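In the two complexes below, subunit A is the common chain; its partner is subunit B in one and subunit C in the other.
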Partner chain A sequence: MVGSPAHPVDLAALIAATMLPFASFLAILVVTRGRPRLSAWLSIGSVTITLACSIALLALHSGLTTPIGFSADLIGSSGLNIPFGFLLDRLNLLMIVVVSTICFLVQVYSLGYMAGDPGFSRYYAFMSLFTWAMMSLAVSANLLQLYFFWELVGLSSYLLIGFWYEKFSATQAGKKAFVMTRAGDAAFFIGILLLFIHTGDLGIVNLDSRAALAGVPPSFITLSALLIFGGIVGKSAQFPLLTWLPDAMEGPTPVSALLHSATMVAAGVYLFARLFPFFSMSAVAMSVFLAIGTISMLLASTMAMVSRDIKKVWAFSTISQLGFMIMALGAGSYFAGVFHLTTHAGFKALLFLCSGVFIHRFETNDVYELSRLGAKRMLIPMVTMVLGAAALSGLPPLSGYFSKEAVMGSLAGLPNPVWLGAGLAGVFLTAYYSFRLIFILLFPRETAVTIPVGTPSPPPQAAGIPAGAPGAWAMAVPLIVLATITVVLGFFETPLKNFIGAGMLAGGSVGGEALSWTPLAALALALAGVGLAWVEFGRKGARQIGFVDRIPILHRLFAERWYIDRFYGLLVNLVIDRGISRLCYLNDRKVIDGGIDGLCEGAVESGRVMAVLQTGMVQYRLLAIFAVLALLALYFYY
Partner chain B sequence: MNWMIAGPEIFYFAASLWFLLLTFTAQPKPAQNGGRRREYLTAIFLASLGILVCLASVHAQGWLFTRGFSVDFFSQVFKTLLSLGLFLIVCICGQINDIEDRRHNEFYFLLFTCTLALMLLVSADHLLSIYVSLELSSYSLYILVALRKKRGQGLEAGIKYFLIGSFASAVMLFGMALLYSSAGTAYLPEMAKVLPGMMASPAVVTGLLFTLGGFFFKLAVFPFHFWAPDTYQGASNQVAAYIATASKVAGIAIILRVVASAGQGSTYLVHVLVILSVVSMTLGNLAAMVQKDMKRLLAFSTVAHSGYVLIGILVLDAAGYSATIFYALALLAMKFTAFMVVVELTPDGRNLQIEELAGLHRRSPLMALALLVALFSLAGIPPTIGFTGKFLIFTAAIQKGYVALVIIAMVNVVISLYYYLLVIKAAYLLEPAEALPPLVVSFPKKLLAGLSIAVIVVAGFFPWWLIQIAQAAAQPLMLGR
Partner chain C sequence: MIAPFRDILLLAATLFALGAFCAVVRRNLIMIVLGIEIMLNAAAIVFVGASLHLNNLDGQTFVLFILAVAATEVSVGLAIIVYAFRRTGSFDPRHFNLLR
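What follows is the complex of A and B.
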């Protein structure tokens, strides 16, 4: 069996941490649906216990050396056994703490944000479902089990994006997210099957050990690594499956904070880190990952530069930050990727929750509109948002600075300077679009500039409660907690590095320490980005028109998201709708339906013939009996 | 001689004598319901007592009438099934409006006599006792069919039934004579010792084939099925239900016994059974598809089901026999449930057309559900007793290597779904042309319907106990022969 056996206390804590949210999901759906308050407290209560258990586990096992495992055969069929269980090592100890913290804070925040919504109980039921799936995903001991919860996470994402299902765009966005992530998951599943065929054991510890894959040809490892990466591309919204994430912002803002920035989309990166030793066995696959991460990072940054929708800006930035993580992992730096995941979860959730406060108060997503209505007068969200944006841009001494430096360090360690250049460009763009948004919010212009907008701002969302209502504290406290984390977390780089680095299963360098000028360059570029944003949006008399807006072609390109959606639309329309679907439809109608119809009509027709035989006179029937008997008797002689 | 082992027969003999006595003495009651009620309650009481008697003697063993009548677990299980079948049929006889009131005592007399004959049949071990009990049961049924008063329907059906039946029994008698002349004995256990060595002789195989012809008539196997649709249609609903349940169960039992003792070692016989089975189920299912009359549809479905039963028999081993016994029980439960719905829907005793079922789920949800469960079970959809029965039979056949036969049977199951679903569609999806009042179902009937549904479904989920009984009942067929 994998790892050292589990202590009963650990087992109890883990079961409580993973199963309680599920229990509350069922309880809310079955029992307390009609009582929103009770449902909310049920859900928050369970996630509190989950958080406590996760922190306790982390505290108990801070010096963990060998992973703890527990498994039992749940699916068995003629010699083929798939064990289900859990695996605890340093990576997922960190992950469950991150997940449960954000889940807890977002659920508390939702008390205020979702107050008065008719689907309040349903919302908390889905939140519990998500918490259960995500926690179980993090502690899964083998790839099939992980896939199982991976899909459940996708399901809860679908349910939550389309939470306001009476809104057409929300259901469309939910569908789009589901279908696009499924496309990646199909590849993921094929990858799992390939691995299973060749190794016969999907245990994560097994896959991460070089010994188990010693006999497997390298091209095969590359193939399955690329297929599994397909799942990551879908889940983490990387190129080319990145367009579902901005649309997913149709869901309630806390959902965007929890699922579509901090945790669920990070599941892809988590899987990468989980199977890091396996992936790093294939150099080809790693460089593909690096390229994909870089492309996604740069594309999403450019899209963020022109968006007027506050949530979409953060959504694009999520894609680009996930791209950073994948770049770091692809560059071989396990620590940088995981560290950036952790800090990003904190400050991105913070940014979304702050935006949620504005949206809740002013009922619009448009940045200029928010600014005009006086967003800067809301002190707590504005201050914390600036902190979050600064962290996102990588300004010291916030957490984002440290993790981004680690990422840059890992890129600098690569022989090809292109990656580092792209990374630095990304740093510049990140700082620019973050502070573009901040400056617009801070310095309202009465003469709202009208520039061609690619995507119209969506209609106001939840019917909110007025600020200062009892729900307000519930929304403010999580902001302050997250802001504190954002400020403080960076200083824990060294302990985290020791914790994560030492817990590595095998292979991979911990982090590059190559060029000493990299951190300085990154910092300078980030400051330059902020500066440019200041010049264009902040200073007195600035017209709040970005340099991209002045070049119509570029603006159009970015606002249309590089025409990726158009391309998919065309693809779906031409190849799938008019090509494959039509062929299938024709086949269905002509061949299958026609065939079945023919068969049925034939059968009914022969039934009619049989019935006609029946209506003869008695004599004929007796004759028939006689004839049959005679024939049967004759048959004996043959 | 230990007469006690013939307890069920003695009891049913006494019961039918009691009704015979009533026919002599009872006055036709002008105040109809009082008299009708009394006969009905008497019949229910006697029938339920009969179940107890059968259960009490279920472990009896021995021989009577110089071994012409053998009592073993096989026969006792079937007698219990028969008494159960009679009880169920009597239960739905509360309102027989299409049989004249003054004939009611005779109706019950004939029902009990027929049950007595069927019980003798499942115990019969001698060609003569087989013949006599078969004829006794058939004659009761001829009259029962003809008792229906409406427009000569019953009489016509009775005469058709009688003509084909007498033809079949003539064939059977001829076959028995051939068998006796070849084997030199008319005892089945004795024949079982002699016949397997003589399977090359034309006299033996033709004799066997002809003998089975008589039983095929009972079971409505092609080509002896011609009576079934007309008789079902012409007979009153309750009588049709009795023919479809109790009479079929006994037919299965006697074929099992004769084939198990006399048919071993003949590939020819197996071939004949395969042919008849395939033709029966295909013809039954195809013809059922175009029926408009519910009872005709059920008649053709019976023909198809006797095809499935033959598969279990032609396997010629313990697994096949026990599967067939299980299937007999399943047939009893599901056919009865279907007929119960028919009877409930037609209090005036007319023939039920399928389109009359429209809107049933609103008029009486319980009856609609009972119909649904019964038809799903007949079609063999899990988790019903019908599925388990088919599963057991098909498994037994596949283990013997009759894969092609099972595939044909499965194709037939799909065909049969068509007309079962047509009926269910009528009951659940179609709306009646004019709104019909809700169906008033008395509480005992509701209980009966609920129990039938429960039996069909529960036995589909937990068939193990019944399978064990069926296996134990199949033992006497294998041992001591």
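What follows is the complex of A and C.
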């Protein structure tokens, strides 16, 4: 039992919030697979209840001081007890509301986006699976339990990326995402085991208290923190493992909005915040996290500057914003990281859903193509998208402005100015690439359009649904809701700060004091980014060629994603294909096959040699008998 | 005793060697059986000689048995040879190597 005991009403609400999506997942797969409408309503109904329960829990416990816990021993054997249960504190109250809100909106949106898809029921089943896993992940009381749901979230990500499994690239992307995140999760699991061996209790409350880890050597804490961070790197697509996320855009757009920008990839950052006091016990590990966040943030921003694929731009931007969150947390500011997570979930889901409307209507991902086909004539998505992009760039008075200021403030509190410089550069790049995309969409240029080979351009009338179809409202309403959230969320900074900051588990500083000029500098750089984008893509007569495009080497480097994928390809080719699997192959062919073959051939050959002695000639045997007898006689005689 | 025991043993040994030589060298089944008969008789001579030498009649009894066994052995052996000849048309032992 951890924390104060749970009230039965809380428990009922929690169980309803976490288990109903799972029930609907089973029901859809088993019963209503053949009836898509019913499946969709089942799933949306369950996620509505989840949302209601989450909001009710948040409202009930807005003044929560000690975490509420409930646990039961599910895995137990002699001397080894791993309790499973719920833990509710301020962080995951916020997290479950964020997750269920985005899940709800995205599922409503999917009614329009996925309409008529042959896998409609399957889609909603997987969505329910994801909702269940993500909610349970957020309320896990135990690191091992969290790991289970962590993997289930990964599974639903795999299933949804490869949702259109007829498409080869989609299945490949699903596989890549699965394998790459698994690489991180292996490290995560080793970290969990190490912690378990040393502390014997994986309860999150326990791990976050300094007293429980008092006897553990600091180098060991650093090691396990780094290993657990491996899981975060995989899930949140940070520096060494970042290339799976852009490929994950092969899935349906609502999936990208839900899993690959707002919630699932944020699970890594959530884990960081969850174990924040534990991580902050190791200064070495924290500076490693800070460095990895910075590298991912800058790399992904540069990649976003040259991408023509609207979804990939947002995917790179997601990596870079997750990098911002990790930077903020690594800099020791718990609130800035969590706040940016919350606002980012809103505006990034919004951006993806807007792009989804365009993609659904025009059936192309190419920005120039979308612009030429008249994306700017679609009023609601265009307006909301500009709002989302402005929030992403950190322009006031949108939510992104406030959270990015908080992040910058935390970086400014660090003794080394390099981090702040990198953060400010990131702000500039973010504003530049988001408004590059917006200006391209807003100001179509016939001349700048070079249709990429292999992408057929369908006539606008034939593609997608007409604007007046019933599905259009299902898609438009979530956009408006999310845009509203994006606009107003920033003004709740102080209440949120009080809520999150006060409810934090012991340890860790709330963040350094911001320098007075930091917000101004960040705002000026954001505006400069927008201005540069305007000069190059927006103003009349602009050729819509960015400064990066004019430097071929840089453009190649960014478009090839800094050759990270190539490097992995080479690595896999050299180490795994030519190294390990070749050795295995040789071992199989030469040692095992060769050994067995040699044994058999040896037996056959020796048999042949022995057979020469055996002629079947009776007189030779007689001779042999005489010879032996004669020799024996000699032997005994002398 | 007219002949010394040593000469009898020499005679028997010579006969035995000749019989063995015949059995091993001749490529004719009948001659092999003949060689074996000669070896049996060489053994019989040793028995008789030893019986005289040791003043014990047991040796001569043995010889009677040997003669009986040799007679039956020859009849069985010849019957097998006749049968084998009918099957293969040959007396050559090299042709009887089915068990090889």
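Convention: the second predicted complex is superposed on the first by the 567 of 638 C-alpha atoms of A that agree within 3 Å, B and C clash if a C-alpha of one lies under 4 Å from a C-alpha of the other, contacts with A are read in each partner's own complex, and residues count from 1 in each chain.
Note that contacts are C-beta pairs under 8 Å (C-beta built on N, C-alpha and C of every residue); 3 or more make two chains touch, one makes a residue touch a chain.
Treat the numbers as computed from the prediction; the structure is a model and nothing was measured.
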item: First (subunit B), second (subunit C), both or neither touched by A:Val9; value: neither
item: Touching partner for A:Ile551 - first (subunit B), second (subunit C), both, neither; value: neither
item: Which superposed partner A:Ala633 touches (first subunit B, second subunit C, both, neither); value: first
item: Comparison of subunit B and subunit C by subunit A residues contacted; value: B
item: Touching partner for A:Leu622 - first (subunit B), second (subunit C), both, neither; value: both
item: Touched partner set for A:Ile197, first subunit B, second subunit C, both or neither; value: neither
item: Overlap of subunit C and subunit B interfaces on subunit A (superposed complexes); value: 614, 618, 622
item: Touching residues (chain side subunit C, partner subunit A) in the complex; value: 20, 23-25, 27, 32, 93-94, 96-100
item: Subunit B contact footprint on subunit A (complex, rising order); value: 600, 603-604, 606-611, 613-614, 618, 621-622, 624-625, 628-629, 632-633, 635-637
item: Residues of subunit A defined as touching subunit C within the complex; value: 614-619, 622-623, 626
item: Subunit B residues touching subunit A - in the complex, by the definition given at the top; value: 160, 163-164, 167-168, 171, 202, 205-206, 209-210, 213, 222-224, 226, 229, 268, 271-272, 275-276, 283, 285-291, 415, 418
